[in-house]
Amino acid sequence: MLEVVNLACVRGDRPLFSDLSFALKPGELLHVVGANGTGKTTLLRTLCGLTRQAAGEIRWRGAETRALGDEFRNELAYVGHLNGIQGELTPAENLRAAAGLAGAADPERIDAALETVRLSPYRGFPAKILSQGQKRRLALARLVLLRKPLWILDEPFSALDVASVTLMTQALTGHLADGGMVVLTSHQDFEVEIKNVTYVRLDA
Amino acid sequence: MLEVVNLACVRGDRPLFSDLSFALKPGELLHVVGANGTGKTTLLRTLCGLTRQAAGEIRWRGAETRALGDEFRNELAYVGHLNGIQGELTPAENLRAAAGLAGAADPERIDAALETVRLSPYRGFPAKILSQGQKRRLALARLVLLRKPLWILDEPFSALDVASVTLMTQALTGHLADGGMVVLTSHQDFEVEIKNVTYVRLDA
Amino acid sequence: MVEIYILIGMHKYASPKTFYPLAGTLIPWLAGATVLLLALGLYLGLFVAPPDYQQGETVRIMFIHVPAAWMSMFVYAVMAAAGAAALVWNVKLMETLASACAPIGASFTLLALITGSLWGKPMWGAWWVWDARLTSELILFFLYIGVMALRASIDDPRRAARAAAILALVGVVNIPVIHFSVEWWNTLHQPASVGRMGKPTIHLSILMPLLTMAVAFTFYFLTAALLRMRNEILEREKHTSWVQELVESRR
Amino acid sequence: MTSPSLLAATANVLRRDLTVAWRRSADVLTPLVFFAIVTSLFPLGVGPEPSLLRTLAPGVLWVAALLSVMLALNRMFANDYADGTLELLALSPHPLSLLVLSKVAAHWVLTGLPLVLISPLLAVQLNLPSEAMGALLLSLLLGTPVLSLIGAVGAALTLGLRGGGVLVSLLVLPLYTPVLIFGAGSVAQAAAGAEIEAYISLLAAFLALTLTFAPWAAAAALRVSLD
Amino acid sequence: MTSPSLLAATANVLRRDLTVAWRRSADVLTPLVFFAIVTSLFPLGVGPEPSLLRTLAPGVLWVAALLSVMLALNRMFANDYADGTLELLALSPHPLSLLVLSKVAAHWVLTGLPLVLISPLLAVQLNLPSEAMGALLLSLLLGTPVLSLIGAVGAALTLGLRGGGVLVSLLVLPLYTPVLIFGAGSVAQAAAGAEIEAYISLLAAFLALTLTFAPWAAAAALRVSLD
């Protein structure tokens, strides 16, 4: 259960939003919508704890996320604007590193995750040669691999081709069906086969 | 008139495409489609002359673009995956620098261009504080400002909100109606009110 | 219980909104005290204190040099402490205090360096020697510059304040080094003579102007710090209602 | 989180950094070659007299080591920051300071350690007396990790700032001076045939001190830089 | 393209680089402070004897100037590369080598020139005799642009490579040695009361040579790095 109470964020000296409250239960997807520059990225980073809020609370299973610290981060998977990929490492090595960091190393599943995002042909190449969309897919493979309950995704569909968008919405649907939670932003349309989509709208 | 004859590109030791031929006349838009990693970005960069082809020719008004050099570049505007924005400069200063480089400085039009992409409120801020989509809009403002006949655009709609996508397609439509040419790639759907859209499909 | 009340009371003044007018009323008094003490200290130092039997009139540089050197270290300590408070308790006012300290402290350090080398030429025959105390004071100067440069490079004021605070805390190790350097290495520079408990080795006619100047410098520091803090508060809170009301009321 | 998984995470970070560096063999060699080049520049700058060089040797070797380590600092976090790996690190369910410590360890293995190993060779070039060789090795072995640790704080603070490369030097060099003074001092003492125990134990104390505080400060700085 | 528009384009590049640096005042100050810190490190490393320092002064000042310029090299193109501005430069309808030249000019104004201006102060700290002050200023004035020009080629070649910071030093330092030798040499000669004309005219020749070829080489290297 993720609860946000009276959250306010400020960048520089510009207040982006304030008094934002919502709650997210297992099996639910929250879609943050709003025009460019309304603070969607800022909101997601604040939820993760990367950015500090100016006011308000973020609670996970009833406790403040900052107080929970590692315990909260252990249940969280974040994919931001940046892909978090090391160009020198192969796709498999990148996933292995991510798994190790997340404390959930399960090496057998790495190949399966690569297969899922259709990057198996690039197993032997350094990740830097991947195209924009292929890099994005590698970043998203982390979600499949790590199986954390809370996904926070910033524009997950950007740069993806049509087939990959479908694949990603399937992954979302599956995750929600398993009782996972998702917070995402996207300017692109997408469909998940589930009713529990709520919207939070940020305005300028 | 942009003509491509038997073009072939190779990255590393992987051939991406070969024997690609097409021609683009004033008022036409060429949409390069294909799954992730099929070489769309590579094709566009090759057209600009940033990357070298393995074989084939690219001609502009009948002459090889490499031989034309500055003369070709003078008629070209490119917006790639990277936005080409200096974070320290304000949006207006960024546009002024771009105009100066392109040899078409026309300072009065800068404010109008900023207005077009709805960035006037950010006039006084350094560009680095802009959000993902706002940066993209600033990059696209160059097109409006510079008025070059040939636009080469790599995923111009990525990160744009719905209103900005509409705005951009209007700009495209206007440019084509004025006899401009456009080569672009996009995984997102968009509509231009003009019949002359041709497709080039790249396959893996 | 009493402590808790004091803390709550302090907390009230720790809000920029209440601090701003408070600082405004304090500044004229502090500035007045600074001017008076400076005048007194200079009078005592330049006209009352006797010339040194060895150093002659140059000894008067001391009345600037020594207090400036003391302040350079004291201000750094204040800056680091304020930075720590800002990091731990997230107090905005402490962020502004820390940021106000850096340029003031840097000027004191520069003053100590310049007066020191002016004094060094007649005393040691060189503008500069690589002695431990001089070196560590130079390092202090670079630390101040580093803190200021780091702060200037980050746009978001709160991020800048936290980053500068971390750097200031790391640099604190230099302060004891400066102070004890003369005892740890045998060097050219004067060992501590005022600080020693029990046996003052200086004559009162020298000690008095010295201490007066030190107090005057402290008041100057307070005045300048409050002025800078007020400016920064206005800049940082310009979007809040109270600053806008303030601006309206001044119109 | 159980501690075996923490161990796995830190080992993972270490291994990854080493692999990445290994892939670019230039990364492993360049600080070394830089060290060699800087020590060779001095004789060019000050002239080739052997007796002069001998007195200079400890200082030059130590300054060159310090500069090489410093130049390599921006590699510690900058790439990870640019590609978003650092966000993953910060969001990992393990104490960031320990992950930072493994990154520092990787940095030292890639820059400090090779310097220590090659230093005798360059010392011979500069006519350093052989009695001082032991002191050189020992002081570098204790001192270079301190340089990496302090450097981590500077690198973390300047992350993502324009001109970060020069700024980090500005922040870090003043803090490097004690290490330099005692490091070079110990070698000079040894060359003069004197006792160096005091110097070495001071260096060891610096190491203990920075080992305790630097990872923590660097982690705090990283969180600020990501904000 | 008419030449007025070329002039406008180069002026534009120069102005833009200076504006960007000015916005971050730290960018202007840091190479300077770095220069000051490095010259101060040497006395710490080799000991404080004034007579020893005097013989070292020319070499130390020149090595420090060289290192400051070199450290600032990665600022020349790296940011433009990362944010895509360099692609715009390469696609501009003007000779890339001239645009590069204005970038180099901006770099020199921001690093070399301030060094020249502050050098007398640091020379006093190192007890350099006042007869040599003129030679120091003149040699730095002629030599630092050469460093920026050669550096531009190195910076362009290493663009986008991991560990570029160290790699660029590696490429550039060997080419810097002649400048260092004759630059420091001229100061040492002047300090010894000898003629320095030969040295100075050599430095001027270096400048003429690099001014002709370096922008061209750097432009070619940039095109390769972008491919």
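Labels for the chains are A, B, C, D and E, by order of writing; each one numbers its residues from 1.
Basically, a contact is a pair of C-beta atoms (placed from the backbone, for glycine too) under 8 Å apart; a residue touches a chain by one contact, two chains touch by 3 or more.
Nothing here was measured: the structure is a model prediction, and the numbers come from that model.
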Which of C-E and A-D has more C-beta pairs touching across its chains: A-D
Chain whose mean Cα position lies farthest from chain D: B
Centroid spacing, where centroids are CA-atom means, of chain D and chain E in whole angstrom: 25
Between chain D and chain A, distance of the C-alpha-averaged centres to the nearest whole Å: 36
Whole-Å gap separating chain B and chain C, where each centre is the average of the chain's CA atoms: 56
Computed distance of Cα centres, chain C from chain A, in Å: 47
For chain A, residues that touch 2 or more chains besides their own: 11-12, 52, 81, 87-88
In chain D, residues with contacts to at least two other chains: 20, 24, 79, 82, 161-163, 167, 170, 173-174, 177, 227
Junction residues of chain C, two or more chains touched: 135, 142, 145, 149-150, 153, 155-156
Residue ranges of chain D in contact with chain A within the complex: 1, 5-6, 8-9, 11-13, 16, 19-20, 23-24, 79-80, 82-85, 87-95, 99, 226-227
For the chain A and chain B complex, residues of the former touching the latter: 11-12, 34-37, 41, 81, 125, 129-134, 136-137, 155, 158-165, 187-188
Chain D contact footprint on chain E (complex, rising order): 20-21, 24, 26-27, 30-31, 33-34, 37-38, 41-42, 44-47, 52, 55-56, 58-60, 62-63, 66-68, 71-72, 74-75, 79, 82, 161-163, 165-167, 169-170, 173-174, 177, 180-181, 184, 188
Residues of chain C that touch chain E when the two form their complex: 126-131, 135, 138, 142, 145, 149-150, 152-153
Chain C-facing residues of chain E, complex: 24-26, 29-30, 33, 36-37, 40, 43-44, 47-48, 50, 53, 124-125, 127
